[in-house]
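In what follows, structures are represented as structure tokens.
In the two assemblies presented below, chain A is common to both, partnered first by chain B and then by chain C.
Coming up: the complex of A and B.
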């Protein structure tokens, strides 16, 4: 995926899989990031760093730490991306 | 200081050092690896450049144009299982950074070591930065590797690199991404610490350590500063955390040898899956060699003032709450008395 394309669900799951070194196919949307996938604080910040760098979006740490499941993470990334792209196009028009 | 490079600027001391440098109006460059947790840097006005301690050429490029280089992210053995490998990796990284600094003609290099490299003082005074262990401590991977890395630093200084060394105690406070020393707070507050070993520890607010680095960078080459902070017994520290934030001190107290064996066994079991252990062997070793350390030189020459311990613990707890590792609102044990 090129740097600033809209994030797909597959892309977010692939990033989770890469950080946790597990197969993407084994990750379910309802998996809990901490309890089921064993994502600790470092892995969480690695994931958020990866997302923010690849999509060039700013993520609020406190908000991101509320995420529970993989589905939550996918929805969150999409929302942040849309909001920040709309904000950017609004401010440049 | 006008432009500084921070190696390890995404780590615990590193992010706080970045903040301290920015507060002084210094332009900051930070090396990052593809796997670095860069989230905390995105909202800070820093230049990010690729580089790691395994890439001497990238380090040299990153150092060009900087008047000060901080090596705040040297090797830190995750498990204490292989002294030789830890020393080799640690020394290689330090050597790569120092040789790159010599080639880039960096005017000043600041190295973050640890008070764990200090030995016992002569009779009549408490330990300070002068008390360098004469030989490598071979009973601790962490201390051994850090001693060897400091030895490498002195070799680089002999080759002409202008170096100041800081020796922090156990840091607590915000931006601890890997949850290092702060982990004991989580263990106590959650009531999940299975055991403890008593001994002297030196706890310091990471913000004080960051400021000490900035101030130390202006001091003559060869200067060393112990930044131990507050000396106290582990039992007292754990009780203080439980009293202040809730939780419990473990009932099981182990002797030093038993604690070493237990921590090592936990690490051997955890290493294949890269899992965390409740109490790392390195922590036991630090307590085992723990001693009161004087902050006098840092206070007198750098003008460093230390944050009160309770305030430092409050800052650490607030960070852990942001990461959802402890409850948002502390529950003091005395509220339930």
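Coming up: the complex of A and C.
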């Protein structure tokens, strides 16, 4: 996706599906990354690292460890993206 | 087994430091164990010396059934099983002392008991349905049912999330299909704690731990593996072909299998590390006997400084490993988390034992290289410990991630005020290095963010520096509580070594990204010819 578009839920779910090698349709927003999707701490960080690269946003490690569900990850990524884009446009204006 | 946060290697006050120092000086966890443990240690040592011929076990590649019977009669299979279910109910700390004592004599026996007492049994003890526990634990305690843990698969070792064995819900049962490799105790086990994907219990990739009795139809066991070391321990592939167990056999909350496996591994790694402490002690004992009697150039070889340096390093590394293993047991008894501590103890003890056995061979000279002396077997026996229950390379990546995933306390700890004045110089060095690690953590987190997960050499350097500082903290506190001057000197030497290594790892950290680029370039040159498509290969000469 373009780095100028805000990440949609579908984008994040697609990245989760790619990392886990499962169909995106089988992933629900309420799925817990650990219990339902079998991701351990390294896999969760790998996911967020991919998202960080894909969307060109900075994600701090300790924030990343707080995420529980797919919906949490979507909301978190969206918030970080908007904050960092707003910060960037604010500083350039 | 709740998931718990990892500990910070911080100093938390004089009273707690002294209490921890006393805890690290003792092999037991409770007053009751203080009385019972010496008896159990003596009996275990006697039993294994009388009934386990280490050289024969190594040669034959199996533990004699008569030995298993003796171990069962002595109650050693019930070491960590709760008293209510017929066991001794020993704490992890005291169980580690017993496993170390057995490993001093014969490592495969120690592996069998340690695996059974930790990974094999803990999931059932901690998570099992009460009726299941009431039925199985007495058999496990008596040795009628030896326990095993089945997680690793051919395509999924350090990355357990990649397992393919499934537990499919069919009515009130789970149907298990798949195969598990390298199952320790698997050849003679009566039950297995199996990690399986259970998509019917949770989300698309949910995992659960399932208790599967050996006599379940559809369970079969492959031949014993022919191994480099611990040749008497049983290592087999276990096959599950439509094996059905009742849903009652799901251990704990369905879907939490990965976390539950990691919690069981914390016990397993600690008991395995304890075995390393025992093997290291055996190598040190053999070496001391040798260097004080073997004469060269007119005097015992142990009198030469070059030999003394080996011996001092061996003894101090053994002290460090024993202390860290005790810290895991002490922490658990205090209700503290052991995830990260157990990982550190496993890495340190496995590396220390291999190094100690290697130095033992060096000091034995050619005698150490030939099998009858017994030192070569010790080296072979401990080689696997850097690989199983989490390869150290991967554990260090995980350990580094854990350290960087929490914000360090910015209040500067001062160990110098917590230790005996005699050890103040080393404690001040610890303070300085701890501050340097804290700064490095902040710097790495700021520079890489979550992307640090892709920089394994950075993560490993952080983990190793942290490991050295955590262990040095432990050895300094233990040495501070020591009554004798000789132990204090040993503790000082162990701490100095660890502090020097911490400094080196912090230097490694500063150039880790550059090192990564260099090793990437070198390895790519080596891999490139192997990655060429078949069509690009040169034609055969005509």
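Everything below uses one rule, namely that the second predicted complex is superposed on the first by the 91 of 93 C-alpha atoms of A that agree within 3 Å, B and C clash if a C-alpha of one lies under 4 Å from a C-alpha of the other, contacts with A are read in each partner's own complex, and residues count from 1 in each chain.
In this section, a residue touches a chain if its C-beta (ideal position, glycine included) is under 8 Å from a C-beta of that chain, and two chains touch if they have at least 3 such contacts.
It should be emphasised that the depicted structure is a prediction, and the values quoted were computed from it without experimental measurement.
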Simultaneous placement of chain C and chain B on chain A, clash or fit: clash
First (chain B), second (chain C), both or neither touched by A:36: second
Touching partner for A:22 - first (chain B), second (chain C), both, neither: second
Which of chain B and chain C A:49 touches, first, second, both or neither: both
Residue range of chain B overlapping chain C upon superposition on chain A, of 150-158, 294-302 or 312-320: 312-320
Chain B and chain C contact sites that coincide on chain A, given as residue numbers: 40-42, 45-46, 48-49, 52-53, 58-59, 61-62, 65
In the complex with chain C, residue positions of chain A that touch it: 20, 22, 26-28, 31-32, 34-43, 45-46, 48-49, 52-53, 58-62, 64-65
Of chain B, residues touching chain A in the complex: 35-40, 42-43, 177-179, 276, 322-325
Partner chain B, residues of chain A touching it in the complex: 40-42, 44-46, 48-49, 52-53, 58-59, 61-62, 65-66
Complex contact set, residues of chain C against chain A: 160-161, 197, 202-207, 253, 255-259, 262, 397-398, 401-402, 404-407, 445, 449-454
